[in-house]
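Order of writing sets the labels: A, B, C and D. Residues in every chain begin at 1.
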Amino acid sequence: MTTIVIIDTLLLLLVTATAIAIIEVRSLYASAMLTSVYSLLMALVWVNMHSMDVAFTEAAVGGGISTILLIGTLVHLPREEKKLKKRLHAPAAITCALAGAALIYGTLDMPNFGDPMAPIHHYRVPEMMSQTVGFINQTKGKQPAPEGFDPYAYRTFNGAVQGIPKDPTDTAWRETSIIAQRGIMVPQVLTPGHEPHHEAGHHLHPPDDFNGHIPNSVTSLLAGYRGYDTMFETTVIFTAGVSLIMLLRRPRREGEAQKSAPMTDQVILRVVTKMSIPFILLFGLYVITHGELGPGGGFQGGVVLACGFILFALVFGRPALYRVLPPRVTDVLTGVGVLIYSGTGAACLFFGGKFLDYSALNAASPGEGEALGMTLVEYGVGITVSMVMLTIFNQLAEEQSK
Amino acid sequence: MFDVQANLPVLIVTIPLIGGILTILTGRGWKPWAWATLLTGTIFYLTLRLIVAVWASKTGIVSYELGNWPRQWGIEYRVDALNSFILCIVAGVGFLTTIYAKCSVEKEVPADRHNFFYAVWVLALCGLLGITITGDAFNVYVLLEISSLTVYALVAMGKDTHRGALTASLRYLILGSVGASFILLGIGYLMMITGTLNMQDMHDRLHSVPGILQSKTVLVAFAFLVVGLGIKMAMFPLHMWLPRAYTYAPSAVSALLSATATKVGVYMTFRFLFTIFGVGFSFMTMPTTWVLALCASAGIIVTGVTALRQTNLKRMLAYSSVGQLGYIILGFSLANVNGVAGSVAHILNHALMKGGMFMALGAVFYRMNRVDLRSVRGLGRRMPFTMAAFVLGGLGLVGFPLTAGFISKWYLVQGCLDRPHMWPLAGVVLVGSLLAVVYTWRVVEAAYFQEPDPGAPPVTEAPTLMLVPMWILIGASVYFGIDATGTSKITVTAAKALLGGS
Amino acid sequence: MAWNEIVCTIFLALGCVVTLTGSVGLVRMPDFYARLHTAGKTDSLAQLLILFGLVFVTPGPVDEIGGWLIRVKLLMVGMILIIAAPTATHAITKAAHLSGLKPWTKTDPGGEPK
Amino acid sequence: MTASVLGIYNYWIYVLLMMIGLYGVIAKPNLIKQAIALGLFQTGIFLYYISMAVIDGGTAPVWTTIQDGAQKFEGPYDNPLPHVLILTAIVVSVSVLAVALALIINIKRRYGTIEADEIDEIDQADRLAEYAAGQAFDAADEAEAEAQPAIRAAAAAAAHAGHAHPGSHV
């Protein structure tokens, strides 16, 4: 029993209790608030499992935005769900029991929780992580490798450093490597000429690469190896925003004033909001920019930015927000973010690389190109996420003021 | 500039992505439509080039590694005979439906949001094309969500015609999300046990590491993937979302959905069952053939009978779509060359016929404001081209010789007879055709042998902009029925690749 | 145990005790306002104590900018909490008051529907 | 691949969460509840993915900062790949929630209720009205339309109830 498992068990008990309460409680407001609690507990679970980025996203998205959206919707819906005749829905319970039993049956052959020998830890991902790393000092930029460090070596379990065999077909080294032994994701460097598990004709990304620029490997995976997924993830958000505009926006009539009651009598709220909004926005930008170094990135930062604007709209009224950010501007900005992302990808094409091959952006220093591309992409994500979240809130709120 | 030929696969997906976003800026009036037509036309042209490139390549596979990451680590686009064919169908039908959409959308969608509508429309195509082209399991999930979200929104846009569109869309959203989550879960189980996300790599791992294929994890992953995919492709007992969604969506959306969305679902099933798990596991180890063939046969019969009882013609066609999907599922569940080839051919043929028929109904709606059996009375004389297209499409559904439906049904029956003890399924195919005869005849009777309603508005033929794409689709379905050599070559090659190649 | 760890432990323990009293109050108090009263105050204090305790065990040498970066961040989180938590409590209480919730008194125990 | 209960029970909790969500989706007629339950269902899957990434004794996959040019290898690090995938999935789930809420608002406006069973009844009535309209016209045709204005009026009324007027959303 490790600490992680003990804390995990306690947290998951709480989470399960909350989940049952969410389903069973009749008041929809209570249900929405419990959803927020649930998300925050989930964020704790994920911190406990060392998944900082996911925890951050869950706290911002699940605990923050989702709850705001739910409450915003509930304002013009009945407060409680209808009283059900039967407490237990038997067909549903049986279906769930069967599906659950099947899923549990499937877990019986899985590697143990936290088992470093699980295939996922030592098959592809270590290679991914080890492919590229440079010697970078956060403050001073690129540094030469230290004395006696063999960049083409791997570390064995007992800490000894050995060279990778020159014969590409010899993969035995992986058995003794620290990767295979303990599933450790240690950044390593492969020789450009030595490409295990790799067809001929590929050029590897240069060894002087982004893992050094971007210590947060979640970000480097998100924007690098799986950058294409992330582009579409941003598009999903964009689609949601456009769909909401399409479904909820009313045709604007001339001279129709936007009705929204600013909280004029709430002096404390107004003062505190005025004080804190600049900091919230600053924090959002910080999170977007800092995503390469630590937990955070475009999504989390974008959501924080959106929360700043939403707070403004809540306290000072939406007309005030529309004066700062007219709907036309937010509409355009939602698209601009995705365009920055896909435009970066397309720019790589124009510079002679493949789509989203950021290293093509800077011919002199491919690593710098990678870092540049990822930064651009993160900003694109941030813009789209913040503006779409704001648009979604605006659309739901516009409904309510009618 | 860059090399278009080398970057074809990625352009097919990113052009609609970027173009779809720019659609918002195109303003009002005819401009969003023109822009969307231009985009979809470009994509169709590119898919044609891609199909040529695939057939010209030695291996029959065009692979594109996004971001230049080696395919096992990054995301790979992998185009072979099968998915270049499906891409072509999706892009082609998408192009024609976009042309068709102008009149229908002007009538059914408020004018101030046409730019948003076409943006979502093009993004839906982008999602569908992306699913079809990718060789990465998780990428499938992300693009699946794009196509699903856009389709929910498009279906809900029928709300100004009938409020049922809203509930249809929400029901689809909930069922679709559950289905997508099952797919995500299945991918997760597979990733846990194989350690990779690339489909080809997964297949190699499953078949090279001893003990994996027999593990309970893979078994459960398979079951959940089949259920999830079954929801997405509207396999018979999981089809509950489909009839309502098709009935209440705007006419153009119904045409697009019936021709592309479920077809892409079937394609995903091909990829998961044949490419990842392999024929041996999917159809020999697991009782998939029996389960799927049973579902498909039940679907063909039950939906055929249900379609008979519908007065709303769109709903009738929707039920007929579930039945026709039954044929497609029946075909590949046989896991022999004729069956799979029939299945692939029916994907094309059904897309052409059903797309054309939904377009015809859209034209009826455009003129008559409703599409029940009563409203088509006497239309055979008033809207001769529209009704003729509908009837030709109906003949295709029946499987009448000289229509494309005949070809695919021929393959299907052959496939049934090739498998021992499967001949009753050939009977099911024939019974389904008979049912199709009956429900098509009801329309023929109303359109050609009954007098128009006294209260019906005097109408004229539909606008040319609706007739042309409709007739291109129907004409193509007849053409492929008469000259089937080209399609047969493609479908049989694709079937052989699916069955033997991987 | 180094001195900083001892200081940290004391702060953390204090924070936990304060949170616990708040939680007990939340259960024991008779009505909405009193509950929010206990919860709001103790939470703010407890969170501050815990954050302050953590400042002492932050890894990284004292003379380097890296360590101080985290310490300053922790203190800034504390600052935000000082402002945000009471405001939130205030907003909730005011909302309850405006929507007509009467406070509990000994003579009129019907403040909150049980 | 021998698994002990202690080793894999962590996965069971995700199954529990998922099934609580699925139960809510199926059993609750309230649409908001369904949307929330769908979220729970999805978080269950997220939990599974993140559990998959854990390595005994691992830390967050952020490479330790480099000091004085010497790279400090500190590990083991957890597997970052599932984290990346789940970041994507979380964003997808909030998008789905937003679209669902928009639909629910529209449904409330057009149906006046957000309970699935009541909506089904209304839909059923809609369809019956549509069907009756068709039948009534058939009857009217057979018995000569002019002779039976009552049926025609009823059919017209039914058709009117069945079809909301285009563009008449409030």
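Operating definition for what follows: a residue touches a chain if its C-beta (ideal position, glycine included) is under 8 Å from a C-beta of that chain, and two chains touch if they have at least 3 such contacts.
These figures come from a predicted structure and were not determined experimentally.
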The chain whose mean C-alpha position lies nearest the overall protein Cα centroid is chain D
Between the pairs A-B and B-D, the one where more C-beta pairs touch: A-B
Distance from the mean Cα position of chain B to that of chain A, given in whole angstrom: 32
Centroid from C-alpha atoms only, then distance chain B to chain C, rounded to Å. What do you get? 56
Chain C and chain D: spacing of chain centres that average the CA atoms, whole Å: 37
Could you put a whole-Å number on the gap between the CA centroids of chain B and chain D? 22
Hunt down the residues of chain A that sit against at least two other chains at once, touch-wise. 103, 107-111, 118, 120-121, 125, 128, 226, 229, 233, 236, 239-240, 243, 247
Out of chain D, which residues touch more than one other chain, so two or more? 1, 22, 52, 65, 82, 85, 88, 92, 95-96, 99, 103-104, 106
Residue list for chain C, restricted to those that touch at least two other chains: none
Considering the complex alone, what residue numbers of chain D touch chain A? 1, 3-4, 6-13, 15-24, 26-30, 32-33, 36-37, 39-40, 43, 46-47, 50-71, 73, 75-88, 90-92, 94-99, 101-106, 108, 114-115, 118
As the complex stands, chain A meets chain D at residues 1-2, 4-5, 8, 12, 15-16, 19-20, 22-23, 28, 31-32, 35, 38-39, 42, 45-46, 49-54, 57-58, 61-62, 65-66, 69-70, 73-74, 76-78, 81-82, 84, 88-89, 91-93, 95-97, 99-100, 103-104, 107-116, 118, 120-121, 125, 128-129, 133, 135-138, 143-146, 149, 155, 178, 182-187, 211, 215-218, 221-222, 226, 229-230, 233, 236-237, 239-241, 243-244, 247-248, 293-295, 299, 385, 392, 395-396, 399
Which positions of chain B touch chain D when the two form their complex? 108, 110, 138, 141-142, 145, 149, 152-153, 156, 159-164, 166-167, 169-170, 173-174, 177-178, 181, 184-185, 188, 191-192, 211, 215, 311-312, 370, 372-374, 453-455
What does chain C use to touch chain A in their complex? 80, 83-84, 87, 90-91, 94
Applying the document's contact rule, which stretches of chain A touch chain C when the two form their complex? 266, 268-269, 272, 275-276, 279
